[in-house]
Amino acid sequence: MLQLLWIVPALPAAGFVVLLLLNRHLSRRATALIGAGSVGLSAVVAILIAVSFITSPPPGDAYRQVLWTWFDTGGLAPQIAFYLDAMSVVFMVVITFVGFLIHLYSTEFMERDEGFTRFFMYMNLFVASMLVLVLADNLLLLYLGWEGVGMCSYLLIAFWQKDVQNVYCGRKAFIVTRVGDTALIVGLFLLFTQLHTLEIQPLMAGAAKNWAAGSGVAVAAAALLLGGAVGKSAQLPLQTWLPDAMAGPTPVSALIHAATMVTAGVYLIARTNVLFTLAPDVRLAVAIIGTVTLLYACFSALAQHDIKRVLAYSTMSQIGYMFLALGVAGWSAAIFHFMTHAFFKALLFLAAGVVIEALGGEHDIFKMGGLRRKLPTAFWAFIIGAASLSALPLITDGFYSKDLIIETSLGAVDGNAWLWLGALAGSLLTSIYAFRLVFVVFFGEQQTPVTLHPRWRMKLPLVVLSVLSVVGGFVWLPGWMGGFHPFETFLDTALPVTQTVAGSFAYTGVAALLTSLIAVVGVALATVWLVESRAALARFAARPTPHDVQTFWLNGWGFDWLYEHVFVIPVKWFARVARGDLVEPAFSGIAWLNLQAWRALSASQNGQLRVYIGVAGVGLAVIVAFVVLR
Amino acid sequence: MTALFYIAAAVAIIATVLVITRSNLVHALLYLVVSLFAVAVVFYTLGAPFVAALEVIVYAGAIMMLFVFAVMLLNVSADAPLRVPRSAWIGPLVLIAVLLAELIYGIGLTNHALHAGEVGPQQVSAALFGPYVLGVELASMLLLAALIGARHIASQPESPGLDEPQPAGEAPDTRANEGGEA
Amino acid sequence: MILLWYILIPAVAAPLAWLVSRSRPDLARWVALAGTALPLALVTWQWVSQAGALKAAFVAHGPGAAGLVQGTWLADVHATWIAPLGISFFLAEDGLTLIMLVLTFAMGLLAVLASWRGITARVGFFHFMILWTTAALAGVFLSLDLFLFYFFFEMMLIPMYFVIALWGHERRVYAAIKFFIFTQASGLLMLIAILALYFIHGRATGVYTFDFTQLLGTQMPSGTAFLLMLGFFAAFAVKLPAFPLHTWLPDAHTEAPTAGSVILAGVLIKIGAYGMIRFMVPLFPQAVYDFRTIGMILAVIGIIYGAIMAYAQTDLKRLVAYTSVSHMGFVLLGIFAWNTLALQGVVVQIVCHALSTGALFILVGTLQDRIHTRDMAKMGGLWAVAPRMGGTAMFFALASLGLPGLGNFVAEFLILVGTWQVSRWAAVLGAVGLVVATVYALWMMQRAFQGQETHALRFDDLVPRETAMYAALIAALVVIGFYPQPLIATARQTVTAAQQMTAGSPLSPEAASAAQTMIVDGATADDGQ
Amino acid sequence: MAAVSLDHGLILAAILFVIGFVGLLTRRNLIVALACIEIMLNAAGLAFVVAGARWGSADGQVMFLFVLAMAAAEVAVGLALAIRFRQSLGRLDVDDADEMKG
């Protein structure tokens, strides 16, 4: 069964190729069938492989499949090869399965769009690239997938390319992530030069063997990889592209900018955990970046009007949690949160997509309202998603994973109280903004009429994801709930076990109660402010200081402004100044000098015969003088 | 013979000076004939009777005849400024004074005696058709080319556009005024 | 003997094309097609049939063999020509030559195809020029006698000048003269260097010869060697073009007809890289080593400056031209890094840049034929009008920015990883160039193809002839992106031999890697404490 | 026997030459200019003959003959040009012939 591994990425890739070649000759139905079908088949194969992997683990708990040698020169011989271990199984299944649900959803969501085929082409290519990323056996192939998803992200954000604003957002996403990618590829140079391979497992073994913990080269390598991860996962300071990425169609946001691509950074760090273990300083940086980002994103989310931007900031903040987990060596916890987050965030986005579609493309939450009765499926899906995002205790999958991260941030050997407090504060803010969204969108007065109701292909994914968002967390229950944790056991075959401080406060029921309480308090606060005393809130928000703060948060804390002035404007200025080429004057200068010399000499060529003779006479005099006086 | 040389030299110089100073073109040409005759005498005093004869026949005879015909054809007397303003002489005179001084200095007044006796037509012919026969052939080519060229140039019909005759009214005045610089 | 055919077929087809055009202009196109397709088929056949020989040559003469010796060639022609001056008619072919020949004929073929409809004036003379260029280019890549090399080097200049000056766009004469002066002036510097080398070698050994294999290892004072190296560098850097000698390129590319741009970008500027690998570095390894820092600085400036300049342009073709400056910066970087990885990267870059940039030029050409402008301000939203063209442009834009999975990425990665082992900052700055490449490539797509279509332009999408050309190029780039090994294996022997010629100098990879190891060990030891 | 020295002969040639030269510089009439050229050529021929006379050799005279042939050719072409000049410019002023200025 495992030998079929290559089929998993090959199916969506084949879908891409077929759609590309037959582009114009396919009906919408056929396009949908190929687009969604290839991913669906891929999901089936992936699940079969996962089952096979779990029931009869291959030797060493990892399976490696070599397709061919990419190239071989100068000691560098990366292969087109896939590597399957517990972590890649999780990623593979989530990507294909959630990917399939979103494709299914898209067949209805995009059905009236003129770029229907193009959409599925890009989506299939994305899924294929993402699978290559998570299955890659070496870092170069991983980089191929990494850039491939970046490109698809660009193409899909800019999908409605008639609007230049969308194209701008796509470009911004690609360029900002590419800044991070540059750090990653430099990291690859460093790793290859030092360890003479790019294959991940030997690389990690070699690093562990040759490098001392905290050595400069390990820190440099880890820091460079972190740079790539930060760009892709929209963490500070390369986070500015993600809110703008919401310009793409909603299923794109759900698949790429919530469930899968943005978590590639998490995957990369978890995959190269050995390096990060060797570089404690960088790992601390990961934790700090995660915590700061999650708080930053929570505050920004509170101020947004655009339903998708709220969700984008919430994605950023949830990935911040994952980074926090990675930073304190909670590898498995981060992967766990990745999975639950993929379920509930895809759910939220898809539900938001239903709302947007139903209201004829309206994004502003303050023009929604009262949709509870009109769109019950979306409402319940959204409630479940928001509850999961807020980590309401026991009944949501978000609770189990986020609670685990909060626990780990204090209870792990590398954890500390500051990170823990940050995580708790984030939890409170998350519940507030999540339920602010619920209350503003679904309660109160209806502002815009509903024009469209979702049919089964949009409803089914919502239902499935709702169920998963509830039960998805039961695979890893906390210690005080009985310690049922098959997911952890499974991941432990691929990832190091988190070192915890025995008897830490974090693992007590009291701490769990505290985190649960905070989530509930957040929901309660949102209820009070938005349902009971909305007018008072509006009055408060209208005051100068809160208003300024809100604007500041709305604009993502001025990062766009900063980057615009530090990078974009100087480069544009230089480009404008240098348009005619700065070197050109040197060469035109030579030409100009020649021209002047020509002018001067041609002035002597005046056509006056007697002047010529006179000059010849002078010349004669000079020559004769030279001869006779010598 | 010596005296004859110096007299002939003096005549040649004076006549030549007159050639370039006369404003009447025909007069100038006649002085040129005088100058050429004087040079012919010089040749004779130098013991070269053959070239002296040729000087008279070809230069003073044939070439000057060409000049006179040309003058007659062109009716030059009605033409262009033949009188040269005094100031126009200054520059050229300074220049040639320098040049002449250099030449005389270079020649040096060392009184090399000339070879006694004359070199007659026989010897000249022997040399001409001996070692210099190639030169003679080339000279004949040159003369042929000149013949054809002169015929061609002089007879070419006027091509419009390229050579437009200048308007006759204003040109002479402007030219006459600026003649001084040289 | 097969080598002679590579030069003779296009050289004979050239006057033939001219002759037949007098009676039937369209026949000239077919003659030109045959004149490029035939040698292309021949060289491809040779490549396929001699793949084994290449491998054997590598195994037999590979590591440890004493450099470039006769017998390692796939084929050679060695005839006396002007014996008293030591000039011989010496053609030889190895892996790199083979690749360059394939490229030459493929680009010639593309140039003919790309001008099938675009060129209507003086059809016969145009194809004469194209074929003549092709023949001269084949000669450049084949000759190992420096005099012969210079002869072909200059011979190719003239038809190119006419192609630009006669069939170009608005400022064609200016561009053609600029191209000519730059190339000619720098070529003369190379001639001086060649002659100086000839005399130095002759004085030292008594053998006056232009034979490259004999001139190798000529002893001379380091100052002299440096000056001679600069002579070669000037010629090749202008061709490449390297910053700051690049300013002829945007003008020439912009004004040249499509076929001219394709040959310029595809093959002509690659002579710079080829000449450096083949002649400059092996002849003067120590001087190149002394020059390395400056060379790398120029390369890095070229990468980033070229990319920013591309971003700054409003003329689509000029933009593409500046991307060449940026990409050739990578090539220069790889050559100065001079290790296996970087050199193999250079070879792949040579091929992939020809394919991707050649395609972009054809694309701009087809676009210009249809809408009669190259000004991006007058475009926008063209995707909606011609989606196939938009998709094709997107593909080549992505190739241009070095997307993994396409050949350009393999090339740039190999170059940068090789450079990293020599100079870290150069590799990092080169990688930054990739970000700027993203900026210009996407900016180009936005200005020309995306956004609202406001100028009410209506024109045909790609016709089958064009689709076939692009499909071939796309396929080639994807194949190289995922399986560049045939290219790498073909060039391996050349790369190894070239490196062995410099084995005694500090440029050799052994010396570099020894130094590198020392640094690493030192760093590790320090950090460990 | 002869008190005529080589130097005097050469000086005579030089004087005639520079007189012709000054005429060329000052006179603007094309016919006079041609005449001046004849003077200069004649002076050159004189120098040849003088030099030949120094050694009693025929070479000097042979050279004079060549000069003579050249002068004949020159004056033929020159006068033909003068006729054309007159036809096209209406005058014989050499200063009118400045169309070849750069």
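Letters are used for the chains, namely A, B, C and D, taken in the order the chains are written, and counting of residues starts over at 1 for each.
One rule holds for everything that comes next: a residue touches a chain if its C-beta (ideal position, glycine included) is under 8 Å from a C-beta of that chain, and two chains touch if they have at least 3 such contacts.
Everything numeric here is computed off the predicted structure, so don't read it as measured data.
When the C-beta contacts at B-D and at A-C are tallied, the pair with the greater total is B-D.
Compare each chain's C-alpha centroid with the centroid of every protein C-alpha atom shown, and the nearest one belongs to C. Per-chain CA centroids place subunit B at a distance of 4 Å from subunit D.
The geometric centre of subunit A is 37 Å away from that of subunit C, both derived from CA atoms.
Averaging C-alpha coordinates per chain places the centre of subunit B 66 Å away from that of subunit C. With centres taken as mean Cα positions, subunit D sits 95 Å from subunit A.
Residue positions 91-92, 95-96, 99, 103, 182 of subunit B are each in touch with at least two other chains.
Under the contact definition stated at the top, the residues of subunit D that touch 2 or more other chains are 21, 25, 28, 95.
Those residues of subunit A in touch with two or more other chains are numbered 610, 614, 617.
Contact annotation for chain pairs lists A-B, A-C, A-D, B-D, with touch applied as defined. For subunit C in complex with subunit A, the residues that touch the partner chain are 243-244, 246-247, 250, 305, 308-309, 311-313, 339-341, 344, 381, 383-384, 394, 398, 403-405, 409-410, 413-414, 416-418, 420-421, 427-428, 431-432, 434-435, 438-439, 442-443, 445-446, 449-453, 482-485, 488, 492, 516, 520, 523-524, 526-528.
The touching residues of subunit A, counted against subunit C in their complex, run 68-76, 80, 140, 143-144, 146-148, 151, 154-155, 158, 161-164, 167-168, 170-171, 174-175, 178-179, 182, 185-186, 188-190, 192-194, 210-212, 214-217, 571, 574-576, 578-579, 581, 583-584, 586-587.
Listed in rising order, the residues of subunit B touching subunit A in the complex are 91-92, 95-96, 98-99, 102-103, 105-106, 182. Against subunit D, in their complex, subunit A makes its touches with residues 601-610, 613-614, 617.
Of all the residues in subunit B, the ones that touch subunit D in their complex are 1-2, 5-6, 9, 12-13, 16-17, 19-20, 25, 28-29, 32, 35-36, 39, 42-43, 45-48, 50-51, 54-55, 58-59, 62-63, 66-67, 70-71, 73-74, 76, 79-82, 84, 88-89, 91-93, 95-96, 99-100, 103-104, 107-117, 119, 123-124, 126-128, 132, 135, 139, 142-143, 145-147, 149-151, 153-154, 156, 158, 163-166, 168, 171-172, 175, 178-179, 182.
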